[in-house]
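Per-chain numbering from 1; labels A, B, C and D assigned in written order.
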Amino acid sequence: MSLEDLKEKLSKVVEPGDMVPRDYEKDGCLLEIKARAEQVEAVAKAALEADCFLESIAAVDFTNGPQIIYQFNSCTSISRVLVRVQLSRGESVVSIGSIYDAALWYEREVFELFGIRFDNHPDLRRLLLPEDADFYPLLKDYGKVHAFRSTEDIYGE
Amino acid sequence: MTAQALHDFVYVGVFLLAAVLFAISPLIASWLIGGRSVGAKRAETYESGMPAIGSAWIQFSVAYYIYALIFLAFDVDVLYLFPVALAYDKGFFIRDFIEIVIFIGILSLAIVYAWRKGVFTWHKRR
Amino acid sequence: MANEFLEPITEQTFYLNMGPQHPSTHGVLRLFLKLDGEYIVEADPVIGYGHRGHEKMAESHLYEQFLPNTSRMDYLAGLIFNHGYVAAVEKMTGIEVPPRAEYIRVICAELNRISSHLLWFGTYVMDLGGFTPFLYSFDDRENILDILDRVSGSRLTYSYCRFGGVSRDVDDEFITATHQFIERLRSRWDDYHNLVTKNVIFIHRAKDVGVINREVALRFGCTGPILRAAGVPYDVRKAEPYSVYSELDFEIPTGTKGDALDRYLVRLQEMEQSLHIIEQALERLPDGAIKAAVPHKVRPPRGDYYFAVESARGAVGFYIVSDGTSYPYRLKARVPSYGNLQVLTEVLPGTLVADTISILGSIDIVVPEVDR
Amino acid sequence: MAQKEIAPGARVQLAVVEEVLNLCRANSLWPMTFGLACCAIEMMAAGASRFDLDRFGAGVFRPSPRQSDLMIVAGTISKKMAPTIVTLWEQMPAPKWCIAMGNCAISGGPFEYDGQYAIVPGAELIVPVDVYVPGCPPRPEGLIQGFLALEDLITKGEKRNVLRRFKRKIVKGR
């Protein structure tokens, strides 16, 4: 399953402008996709058809809202795809737990550490912190942090 | 009851008394000189550090009961082997050996029967 | 109290905590099991008992200060985590690592992989009731720890890889000790096989137990020996060759059915492959510097980067967002045991409680790595 | 220090009996298998073939607190794990001792900084600790020295431990 037909499957879902090829040597991923919150499920379905597995879901907190990073990879060829979803504060995303079971725990962890809600997630409850914890530790305004930047500072757009 | 019989019963009485004392004395000793621990969760059931959920009074499968029965059968069987071990090889070696083989053989037939009946295999209910 | 026994109790399932303190959960993992007699109806691994907040720590510490944390996430394959983190930062800042350092890193990483597999072998067979293989494998493992201790200074939590190379050079004694270790371990293989692989009880406890086929493994994002036992030859050292793995030749052992026995055999063959890699790397060890010139505080350019290595348990990835300062803005460690543990929710229901121990042992979880 | 209710001593305390009991307890410490993190691996290595704890009668790692009289807190105590550690400690029968193994169990170790939200910095905040074994992780020899120090603590002085067959180098002032 090479990168081309993964691109071709994803192009049906995402506008070509959002698909940015990345230099694998330096950045570690071949393709970067900027998706909106409602396109997430379609992108996940396309990746599943392209026989990719969900490598990880990470989140980063910026001044203009948290950003969720979905990473898909295929075990037959180097084709790591980074899907970047920029959310505004308090916005929620559709859970892709029904497509990739791995997402269930990743989403619970992102919810617990960042406070981002995932709609129609089977059981969105705490995973790592004690049951009575009511804070979201990885948000930049919690605890001791070096800097709190916006996406322009880092990605320049 | 001749004096001799009464005299013999004294031995039995002493033996029983010693047995009872032998059983109870560790309890008394540890009650007296053992340390005492203190703590809120001291008396709770141990379930790898977590509070146990629900009560243990539930219906569980009958196979556990069969395991216990088989254990009991062979436990009693060992009880009979003690005196045999004492009186073993007093001249008729072959006879004693065959008797034991027959004795244990018949008992292990119970296991073979239970095994063939499939009592020990865990059937899946759902 | 009395009438409680009068009503017929229909519900026959009960809840059992294979909880944080359990000899076979290798750390503080809690399996919340719903049991119906000996069969598991539902299994919910509860994690978080080893959560130390590594990722929050990274945001308020320098790149150099976070280095010791990496080998404390997965302390069985600490050097491989070190290698992953250090190579990620080097790739971000474009630091050129001298070839001798790359070869030393590969040798020590493979030694660390063997020591992690040996520990898994000992504890797995001990969970299934065999006590002597634990002593054999720990004896061999102590040899590796001596070799690595001599050169890196610690037995478990290494900070041996530094940005730009390694902290100390290896000497001839290291090389001879490694050669002796390779002969010794190779002479012990048939002991291990006779003692365990050909043991009928072990085969009954591991054959057709906890079958994880290709589809389930990919759905849960499992990597490492679990995915390879299901027949998928995915290994980051071959799929995305980093460091000098492209110049060394080794095969990827794969299984067929994906049951506990296949995972066991895959790990044993992996140990032999690692020995093969170490031998080649020792022959090709070039001379030269062991550390490139690196600024005191590394300041990677802005942007986000991802770098993956192959740890003993699967693909370890470091996703680092840098804002140009010498503090990482965000650091996420993609950890293999996270997906490997989640597969239990799919595999355990329907198995016997006794098989849980065998499945959990064959998956080889390190809990602080899952909890980060 | 945790609110340590002083456990009442034995009902009958005779000096000779206590001394004999302490001698037996010191030379047959049964630790509870209870590893939290990296130090657990060094604890296993201490119990394995090279650094054998069985030489001191302490190699019998009991799975349940009911049968053990020594709790080794080996690793980082996360806030989610703290109530469980206290439960396990209270479920152990007297007389019981506790070794805090590794810097995390002594004072939070490498994970203690002012923004830390997830760990309890030190085992003595939740359980009464008798011996501290520093190190990250402490080498198995360090843990064995911790065991020997605990044995001296129990028999109140190394000279009284008549079963000991070798001399421990006494550090001045201990």
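The rule is short, and it goes like this: a residue touches a chain if its C-beta (ideal position, glycine included) is under 8 Å from a C-beta of that chain, and two chains touch if they have at least 3 such contacts.
The shown structure was predicted, so the numbers you read here are calculated from the model rather than taken from an experiment.
Trainee: By the contact definition above, name the pair with the higher C-beta contact count: A-C or B-C.
Mentor: When the contacts at A-C and B-C are counted, A-C has more.
Trainee: Using CA atom averages as chain centres, what separation in Å is found between chain A and chain B?
Mentor: About 61 Å separates the centre of chain A from that of chain B.
Trainee: Measuring centre to centre with CA averages, how many angstrom lie between chain A and chain C?
Mentor: 25
Trainee: CA centre of chain A versus CA centre of chain D: separation in Å?
Mentor: 45
Trainee: Residues of chain D touching 2+ other chains?
Mentor: 65, 80, 84, 88, 113, 115, 117-118
Trainee: Using the touch rule from the top of the page, what residues of chain A touch 2 or more other chains?
Mentor: Within chain A, residues 128-130, 137, 143-145 contact more than one other chain.
Trainee: Chain B: which residues touch two or more other chains?
Mentor: Residues 49-50.
Trainee: Go ahead and list every pair of chains that touch.
Mentor: Final set of chain pairs in contact is A-C, A-D, B-C, B-D, C-D.
Trainee: Per the contact definition, I'd like the list of chain C residues that touch chain D in the complex.
Mentor: The contact residues of chain C facing chain D are 19-23, 26-28, 48-53, 56-57, 60-61, 68-69, 72, 75-76, 119, 122-123, 134-136, 138-139, 141-142, 145, 155-157, 367-368, 371.
Trainee: What part of chain C is in contact with chain A in the complex they form?
Mentor: Touch list, chain C to chain A: 47-48, 51, 53, 55-56, 59-60, 88, 91, 94, 218-221, 227, 232, 234, 239-240, 302-308, 315, 317, 319, 321-323, 325, 327, 329-330, 332, 334, 338-339, 342, 346, 371-372.
Trainee: In the complex of these two chains, what residues of chain D are touching chain B?
Mentor: Its residues touching chain B are 5, 7-14, 17-18, 21, 64-66, 84-96.
Trainee: Show me the residue ranges of chain C that touch chain B in the complex, using the header's touch definition.
Mentor: 4-5, 9, 11-12, 14-22, 30, 36-39, 41, 350, 352
Trainee: In the complex of these two chains, what residues of chain D are touching chain A?
Mentor: 79-80, 113-115, 117-118
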